[in-house]
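What follows is a set of structures for review.
Two complexes, one shared chain (subunit A), two partners (subunit B, subunit C).
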Partner chain A sequence: MNPIRILFFATLRDRAGTKSMDMEVPAEMTIRELKVKLTQDHPNLTESLKSVLITINREYAMDDSVVPSGAEIAMFPPVSGG
Partner chain B sequence: MDRPTIFSITESEIDLNELLSRITLTSSGAAAIFTGMVRGQTAREQPHETEYLEYEAYQPMAEEKMKQVADEIRDRWPEVEGIAIVQRVGILYPKTPTVLIACSAAHRDTGVFEAARYGIDRLKEIVPIWKKEVSPDGEFWVEGDYYPKSGE
Partner chain C sequence: MVEELSHEEILRYSRHLLIPEVGLKGQLRLRNSSALIIGTGGLGSPVSLYLAAAGVGRIGLVDYDVVDSSNLQRQVIHGSSTVGKLKVESAREKLIDLNPGIQIDIFNEPYTSDNAMRIARDFDIILDGTDNFPTRYLTNDVAVFLGKPNVYASIYRFDGQVSVFHAKQGPCYRCLFPEPPPPGLVPSCAEGGVLGVLPGTIGTLQATEALKLLLGIGDPMIGKLLLYNALDMSFDFVKLRKNPNCRVCPPNADIHELIDYEEFCGVPGHDHDDTSAGEAWDITAIELAVRIKENHLKLLDVREAHELEISRLPSAVNIPLGQLAERLSELDSAQEMVVFCKRGSRSARALEVLISAGFKKVKNLKGGINAWAEEVDQSLPIY
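For the complex of A and B:
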C-alpha cells in the first residue's frame, strides 16, 4: 500500500468537509479507481466527482494516470480565478 | 539584460506602479496592462448584485502555473520584455482590483496587447484559483468551464 495525501478546494472541500485527507492506496491505483473508492467512502462527493479536475504532484492528470507513492493529489472544480 | 518575470498570489493590495516599474527595462517603451476588479452589479446574462467575492488558491501549484503562462507568453511573443501576473485572494469588495497581468516591450506593435489578453485568458483556464460569490440572495462557488489536458 502507498501513502497519499488528497487536498480539496472550493466545492470539493465543502462537500468533503475537510481540506485534506491522508490515505493508503494500492500500488498502481489509477485516478479512475481512486474516484470510485472516494465515491464509496464519501457518498457526499459523488456529484462533485463527475466534473472534477484532478492533479498529481501539481500537474493535471487524467483518469488513467497512475497514483505514485507519496503523491500529493488535489481535487477541485474547473478554475475561476481572475 | 534579464527579462523580469513576476508571479504571485497575495492578500495585499495590488500595487500597479510598483509592478510596472519592476517590469520596465531601460529598453522598454510600452506596456499593456490588464486588471480585473470585483463587479458589484452584473447586467449581462443573469443580472445580479454582488456583495463580495472570496478567493482561494492552491498556492504552490497556482504559482507554478502562472510561471507556465509567462513561459507560454514568451514562446508566442518573443519581443515581450517583462511580465507580471498577480492574483489577489481573500475577501474582496466591489471596485477592488483582483488580478493584474502586465507585459512590457520596446514598442506597442510587438504583441504586448495580445500577450496580456492571452495571460488573463490562460490564467482563467489553468491556474488553480476559485472565487465564491456572496450576494444578497446567498452564496455559491463560481466554476469555470475549461478542462486542462494531462500535463497542461
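For the complex of A and C:
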C-alpha cells in the first residue's frame, strides 16, 4: 500500500468538510480507481467527482494516470462565479 | 488607427512609457487595441478599470443587469449613486471619467448564441467575467470559433482560477472541463457567497494577462492554469494539455457552431437565484401567510445553518439542501409542507429531491424568505 495525500479545493472542500485527507492506496492505482474509491468511502462526493480537475504532484493528471507513492493529489472543481 | 500619442496622452501614460517592455510603441499598440469584457460584475469591475486606465483604445462591456446594493461589496466599478442603473451605463460613466480618451462600447443585452459572434467579432481579445456555466462555455466556444484568445477567470468564496485559453496554441476551457458539473452542484456567488476582495485579486491577474497579450510581451498563461486559495494564500500553477477528445478543438471536434448552452449545462445562463419550481409547485409569500393562519403546515428551511442567523421563520425545521437526501426519514410525507431557501432556487431543487422520494404535498415558497421579508414580515432583513 502507498501513502498519499488528497487536497480539496473550492466546493469539494466544503463537501468533504476538510481541506486534506491522508490515505493508503494500492500500488499502481489509477486516478479513475481512486475516484471510485473516494465515491465509495464518501458518497456525498460522487456528484462532485464527475467534473473535476485533478493533479498529481501539481501536474495535470488524466483518468488513467497512475498514483505514485507519497503523491499529493489535488482536486479542483469548476467554479462559475464572476 | 492612431499613429501617434498626443502630449496629453504621453503625460497620462508616462509610467508605462518608462518601461522598455511597453514604451511609446507598446502604448500606441494598446491605444489601437480592443478588448471585450463579458460581465460587468466582480471580475468585470477591476478588469475594465485597469484596462481603461492602461489605455486600451476600445473596451466592450456586455451585461444586461442593473446595479443592486448587494453588488457593492465587491463590484467596485459601481457605487451607491448608481444602484438601480444599468450596469453597463454605470460602468461606462466610471470608465469615461477615469479615461476620456478611450472608446467604451456597451452591449446591454444577455450574451447568447444569437448575438455572441456578432458582438465578439470586432474585438482583439475576449475576457470571461461571467457568473454562470452556460455563458462560460459559450464564451469559450465563441473564442475558439473566432480564433481569439479567451482570458479566463472564475471565482467561488475563497477560490479563484485564471488562465488564457487560446485554442490555436493550447487547450481551451472544454479541454479542461469537457462536461459541465451536474446542475445545481456548484453554487453561484448569489447562492454561495464570495469574499469581496477575491474578484479584485483574480480580476487584476486577468487584466494583467490581457495587457500582456495586447502588448505581445511576457509569457502568456496559455496551457497554464492558476489556482488560488485566499485562506491558504496558495497559488498553484498547473500545466494543462490539449484534450484529444475535446469537442471544439481539432482533431476530433464535432461541434462547429454555437449550441444551446443552457440546455448543455442544464441551468439558466444567469446568476439570478430566484428560479421557480414551476407554477404548479409555487406558493407566494402572501398565500403562505394566509395558509399558515388556517391550518398547520410544515415549513422546511433548506438554507445553511449560518444563514439562519440572518433571518428565520420560527416554526421552520432546518435541513440544509446538501443533507436533505440523507435526512428524509425526519420528514412526514403525508403532511403538507412548504419548502423555502433564500430566494427559491435551492428549495426548487429540494422539491425535486422530495418529489422523487414520493412526497406529494410539497410546495416551494416563491422568492424564498426574502420574498417573505418583503411582502409579509418587514421586520426581517433581505440579503
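Following the convention adopted for this analysis, the second predicted complex is superposed on the first by the 78 of 82 C-alpha atoms of A that agree within 3 Å, B and C clash if a C-alpha of one lies under 4 Å from a C-alpha of the other, contacts with A are read in each partner's own complex, and residues count from 1 in each chain.
Quick note on the criterion: a contact is a pair of C-beta atoms (placed from the backbone, for glycine too) under 8 Å apart; a residue touches a chain by one contact, two chains touch by 3 or more.
Keep in mind it's a predicted model, so treat the numbers as computed, not measured.
In the superposed model, A:N2 lies in contact with neither subunit B nor subunit C.
After overlaying the two complexes on the shared chain, residue contacts for A:T30 are found with neither subunit B nor subunit C. In the superposed model, A:G81 makes contact with both subunit B and subunit C. By the document's definition of touching, neither partner reaches A:T39: not subunit B, not subunit C. Residue contacts after overlaying the shared chain place A:R15 against subunit C, while subunit B stays out of touching range.
With both structures placed on the common chain, the touch criterion links A:S65 to subunit B but leaves subunit C unconnected.
In the superposition on chain A, A:T55 makes contact with both subunit B and subunit C. Common to the subunit B and subunit C contact sets on subunit A are residues 9-11, 14, 53, 55, 58-60, 74, 76-82. Those residues of subunit A that touch subunit C in the complex are listed here as 9-11, 14-15, 19, 44, 47-48, 50-51, 53, 55, 58-60, 74, 76-82. Contact residues on subunit B toward subunit A in their complex (touch as defined above): 36, 55-58, 60-62, 64, 87, 98-99, 120, 123-132, 141-152. Touching subunit B in their complex are the following residues of subunit A: 7, 9-11, 14, 53, 55, 58-62, 65, 74, 76-82. Of all residues in subunit C, those touching subunit A in their complex are 39, 41-44, 128-133, 136, 153-157, 159, 161, 176-177, 179-182, 185-189, 192, 194, 199, 225, 227, 229, 232, 236-241, 271, 322.
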